[in-house]
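In what comes next, chain A is part of two complexes: it sits with chain B in the first one and with chain C in the second one.
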Partner chain A sequence: MKKILFSLVALTFLLLAACSSDSNGNNEQGSNGNEEGGESAADQELIYATTSDAPGLSPIDTNDSVSSNVVDQVFETLFVRNSDTGEIEPRLAESYETPDDTTWVIELKEGIEFHDGTPFNAEAVKYTFETLIDPERAAPRASLLAPVESVEVEDEYTVVINTKEPYGAMLAALSHSNSAIVSPEADQNGDINQEPVGTGPYKFVEWSKGDQIVLEKNEDYWRGEPGLDKVTFKVVPSVSTAISMMETGEVHFIDGVTSEHKSRIEGNDSFELITKDGTPVYNLGFNYEHEPMNDVEFRKAVSHALNRDSYVETLDGLGVRSNSIVGPQVFGYDESNEDLGYEYDPEKAKEIVEENGFDSETYHMLVPNRDAYINMGEIVQAQLSEVGINVEMEMMEWGTFLDVATEGEFDLTFLSWSNVTGDGSELLYPNLHSDNIGSSNRARYANDEFDQLVEASRDTTDQEARKEFLVEANQLAVEDAIWIPMHHGVIAAAVHESVKGLELESTGRWELYQVTRE
Partner chain B sequence: MTTQTVSAKSIKNVEKESVFKDTFKRILKNKLAVVGLVIISIQVLLAIFAPLLTSYAPDTQNLSARELPIGSEGHWLGTDNHGRDMWSRIVYGARISILVGIGSVGLGLLGGVVLGLLSGYYRKLDGIIMRLMDLLFAFPGILLAMLIIAILGTSLVNVVIAISIWSIPNCARIVRGSVLSTKKEEYILAQRSLGSSDRRIMFKHILPNITAPIIVFATMRMATAILSTSALSYLGLGAQPPTPEWGAMIAAGQDYMWTSPHMTIVPGIAIMLVVFAFNVVGDGLRDALDPNMDLN
Partner chain C sequence: MLNLIVSRIAQMFFLLIGISFIVFMSMHFAPGDPARIIGGPTATESDITNIRISLGLDQPVLIQYKDYLLGVLQGDLGYSYQTNESVNEAIATRFPNTLNLAIASMIVAIIIGVFAGVISALKQNTWLDVFTTTGALAGISIPNFWLGTILILIFAVNLQWLPAGQLTAPFWTVEGMKQLILPAITLGTGSAALIARMTRSSMLEVVRSDYVRTARAKGVKEKVVVFVHCMRNAMIPVITVIGMNFGFLLGGTIITEQVFAINGVGRLMIDAIANRDFPMVQGSVLLVASLFVIVNLIVDIVYAFIDPRISYD
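Presenting the complex of A and B:
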């Protein structure tokens, strides 16, 4: 009888574990005692929950969205993309001109200081950009300024950037989080990756690894005092836990909300779900070096087999259906591209499969171990099996997945690109240009005609001409079906009703400068 | 000589039958064990006749009928987040849990019985084998299974291997104990003086006399094996999607707890019932097979 009791208890625990598997982090978070995190209206503190800790806090030494979320509050870029119009506007820059195709003369705003008192001037800009492209620093996003030949200081507030060849995406690159301007003083005398010093509205206070990052208001901020006194970035590994913490008032803001949590958030009156069509794109990708994935007929068959309309429906509004690889929110998109590609037509898919004998093998599909991709994977596998294409799923932890996918050890896989610059060149060049096979071109796609079009889109400064090249390159990639766009991301965040003034950018970035709590 | 053997055999058969009948009768008196037997029989029937009992394949998706609640038309247990019929998945999951249970317990018994017999019978081997078993005992069971899976890779077959290895030391210890007491019996001494080989004594004379504790162990172990498989699949170390393994179904459903709780509750109840059933039947068997134990 003891045994029975024991097994019943064990089972209850298993069931409980299923219900609250992610509550383990909860107590720990609570015991950290955020006494000042109470509910009083005057309290201008915002707590944001992130599923993983930031790898670093320096714009130069990181390239991931978690780090960028902090970087965007502490540092500033020369230019920013207006979240409403999508136009690029000056931030730390005052104005710019391009006397010729390879020269950018940028006037800077005057009278701005870094948090450590170092003046912001042309020297700081020169220092930042030279450090970013310095091979010794090995900055992960050095490619942003790869075409830059030299950076010169013309006078205290004028900087001149010379490029080796015309660089069309310069302004987009200069508005990227990773090209934010750092304090030269702080970088030379300390580690800004641990203790960041920028010009932004919030100053760095402390970072307890794996737990939280705390920022405080920069009272001398040049655009005027920011709204919040204190900002805390809390690490909460699971989204469900983070939502529970929002319910208890321990957290005020989360982003990256997925469809399975949507109704829970919408069902709570004290939360608001903010969404915005975004730049990320999620694709089913093929390995161009494996048979028969290198056969366009195979890729066509897969494309015809997939009912992407019903897939996107499962996202419950948190995904946009488009046939174009360059998404609707990305520079280089044209509506005419929606007519491209291969629509859902299982009969046709079956025909192609039978004609070419694609049903004789089982293909290896590599899937990252994250909810969104598992969902995609199961749906794709089921739909492909209906037309006779057999796919075996292998799931992998995110970091391992990236390595294995880079090595090309897959037949089919899922790839996504968040595209922080919002520029089509910055999507097509890293992911599908033959220069990047072995690194970010995980599909190992090599197509001369495509390469030339993408290069042209990067080497031209005339934005109209750039767009045309991108539209054409996109058309080629879609017709070649090297990537099948599953959906384009919708940026979704949940905020507590007390949080006012938060605006999301289509790239998923956000700034807390205007945010207040009521 | 021939006639003698025949008559000896028939006597043995009669004895065996009566022991079996006796045990069965005693089990039937234990109401809880009967409930367990019924549940297990239902699960076995579900597993065998799965295709006849379901109108959908377990991995057929219907994206326009997602997350239907319990009691929906055509899907009495509802559907999951991909519109797959929950009833089909539960029924095919019964198949997996039975097969995994039998497979891992069978393999574990094979290893455990042989090692236990050797260790109990030969004093010289005893020390080595039992220290090895102690080594395996030193690891918490589920951790050992996770370690083995980390080495072999994630798949249901590897889960079976991992759980069977984890069962070996327990089984070996039980068998060894029984062998130690049985080998002192006079009929074993008689066999030895008649010149029977060690192998013959071990497998023909000792093993049949220690089946009772092995059967009880195996039944109880089925419960542990099924529960562990679900636990490992829940952690993503066992069955890979779209396999309708119960633990994996709970894991997949946990993000939908607030909107579609049936996605976790239904497989959870399935696991609970089956594990409960094997445990009470194991208990009943132990009571029925142990003549020294007085229930009243």
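Presenting the complex of A and C:
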């Protein structure tokens, strides 16, 4: 028996020793390679860790951020939002004009080809947009171009979009990942949701489902050769494991960093945390069809009861405090809106609660079981109970939550909106316009005056006028306290120090075109 | 024996049809709409209706089930709602990872469990016994996600001996084995502890039995007494535990797969449930259920070989 015990122990040590010397060897090779290889092309490889696999890789057939991260490298849109100025600039488009309110004439850049050699031209744009709004294709983001009546090819590089009514957010819609232009050839003869073909800086190589997606440099890219040779999107469900893999050099880049993991990243000298104030908004919403949530006094009392400054502090810099529903990074924001709303004043809240007898009932607060919302829920519940408003928290898995919240089975709930277009109309219309009660207007808010302002912001193509309508609509919603903005998102990513040139957009998107490794 | 196998396989067929019905119905009646999840929070009602029609979800549930069952009987598990990937293919590419992980964990569990159990039985009430029984209790109590994370921090991040995640190399290569070590220990610890406890109690019983005393009295060497006379009888209940555990391991790799970023059936299943990807959930549950039934059948057969007194005729 002793012999067996001894030999087992010896074997274990031998194995571990073998492993350690072997992997140390690998590591040395790896780091030497990196040091020498500033110029060597072989090192221009970037590995990004994503918490879930992409459902698909076609801009037409997907509507989620994981897919968009790949789509944004392979495909391009006609317009893009400049991440510094917030202005919309042409990308595949050369210029545009609007001869009247319902006509958009867009000139396209010439001499660009898709990865399969198909020329990029007005036909490709027409094909893409018509496919996006085709009900048979059932594109999840068909609503982006819902106001479009027809798309016409005027000549090889001029496309004309006619809309049913004036569509103010057209440029924002055309800069959305899901309206990126696809190769008609590839879409008709294959499945671009599996093998995407666009005009972007990186070409699709392979996708092993659930494991990784590999892209390679598009050497003929029209803006000049991209910085990286190879990009790998690895599926790593646990953020903690992804950070460990960054520490071991198996991963170079993660995004969606939350305050929970921030200190671990900041504690490592070879990591860099990149942040940017973003367009997402997280809010506490009321059910406008339930009593007493439909009473503005109740909503005021809740606003006065919430100490949002102290809540935002718990986010450790990864959230921005603002009174405005349309956030600082979103088109339609105006600083004057910061003076609106109802400041933290528990005494006043208590007064309103007692006057109206709001303390006689227990209210049902629906919370999705994701960390950020649970934190919000617990803080709000505690602060409300201090002023006499009793709230019972019900936590729900995300898929169920979406259903139950859409059915309106709650008194209070938390919602967020990532606002990928960065346009205020695209925030206020889906979430708070009465057209969308029963779908995305989960607060079931119905206010004629508000509706009209939001419609005006959508039906006007003059951007200055649009902004005024949005500011006014926002003012109304904040005063009405139908949504209490908890915080506005901060986009955060962590990269290995060897990764240079990564810029985040306020919408959470990023492009790898200019990224290199040193 | 042949009768047993044939009748068990026939039973299994009906059992699996029953399981498919229950899973199908519970997914369809559970809250959460696949179309709404595909559309995301920004989709409008008309987007969602279009998606629902394209998935065939506008049909009555029983008709959907009938179509599904006909497909399954022909070996076609359908297509994912989310990715339109064939469920057969999705499972075929991921199952080898889960199987490798389960087998590696089982090996870890058997080596540690049987060894610890035998030692603690033979050295009953010594410090070695206390040490192994306490270890077994700890092994059962430690949650996988915690153990996995700690092992990654120690062996991958700090010592840099082993990779932190993913199974990318084939298991027969050195790289592949290194990738399997941490997940296998993480998943195998709980089973090792169970096996150790079972082995210990079963050995204690056998060691005290008359025939063992007779063997010793006859002057048979201690090694032969332990490994030939005791082990063979003591292993019967242990094999049940091993068999049951292997079934659990195949279905219970979910957390370990999450922590170690392993692309296996467990993760496929949990993602599919979160996305209400009905065909994928049904396919993977059917797979796990079939494996469980098959493993149990194998355990029954192995009994008969180990203990000739057991007969199924």
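Heads up, the rule we're going with is that the second predicted complex is superposed on the first by the 476 of 518 C-alpha atoms of A that agree within 3 Å, B and C clash if a C-alpha of one lies under 4 Å from a C-alpha of the other, contacts with A are read in each partner's own complex, and residues count from 1 in each chain.
In the analysis below, a contact is a pair of C-beta atoms (placed from the backbone, for glycine too) under 8 Å apart; a residue touches a chain by one contact, two chains touch by 3 or more.
Worth saying up front: this structure is predicted, and the values here are computed from it rather than measured.
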Touched partner set for A:398, first chain B, second chain C, both or neither | second
Name the contact category of A:313: first (chain B only), second (chain C only), both, or neither.
-> first
Look at A:378 in the shared chain and tell me whether it touches chain B only, chain C only, both, or neither; answer first, second, both or neither.
-> first
Which holds for A:417: it touches chain B only (first), chain C only (second), both, or neither?
-> second
Is A:240 touching the first partner chain B, the second partner chain C, both, or neither of them?
-> both
Please work out whether A:261 is in contact with chain B alone, chain C alone, both, or neither, and reply first, second, both or neither.
-> first
Where does A:138 make contact in the superposed view: on chain B (first), on chain C (second), on both, or on neither?
-> second
Could you tell me if A:253 is touching chain B, chain C, both of them or neither one (first, second, both, neither)?
-> neither
Report for A:369: first if it touches chain B alone, second if chain C alone, otherwise both or neither.
-> first
Determine, for the superposed model, which of the two partners chain B and chain C contacts more residues of chain A.
-> C
Interface residues of chain A shared by chain B and chain C, listed 1, 8, 19, 240
Touching residues on chain B, where the partner in the complex is chain A = 32, 59-61, 63-64, 66, 81-82, 154, 220, 223, 227, 230-231, 234, 236, 240-242, 250-259, 264, 268, 271-272, 275-276, 279-280, 282-283
In their complex, what parts of chain C are in touch with chain A?
-> 30-33, 36-48, 50-51, 53-54, 82-85, 90, 93-94, 115, 119, 122, 149, 152-153, 156-157, 159-166, 168, 174, 178, 181, 223, 257-261, 263, 267-268, 271, 274-276
Chain A to chain B touching residues, read off their complex | 1, 3-4, 7-8, 10-11, 14-15, 17-19, 21, 240, 260-261, 263-264, 267, 307, 310-311, 313-314, 369, 371, 374-375, 377-379, 381-383, 393-395
Show which residues of chain A lie in contact with chain C when the two form their complex.
-> 1, 8, 16, 19-20, 22-24, 27, 52-53, 55-56, 63-64, 135-136, 138-143, 146, 191, 193-194, 208-211, 234-238, 240-242, 244-245, 247-248, 250, 397-400, 402-404, 406, 415, 417, 430, 436, 438-440
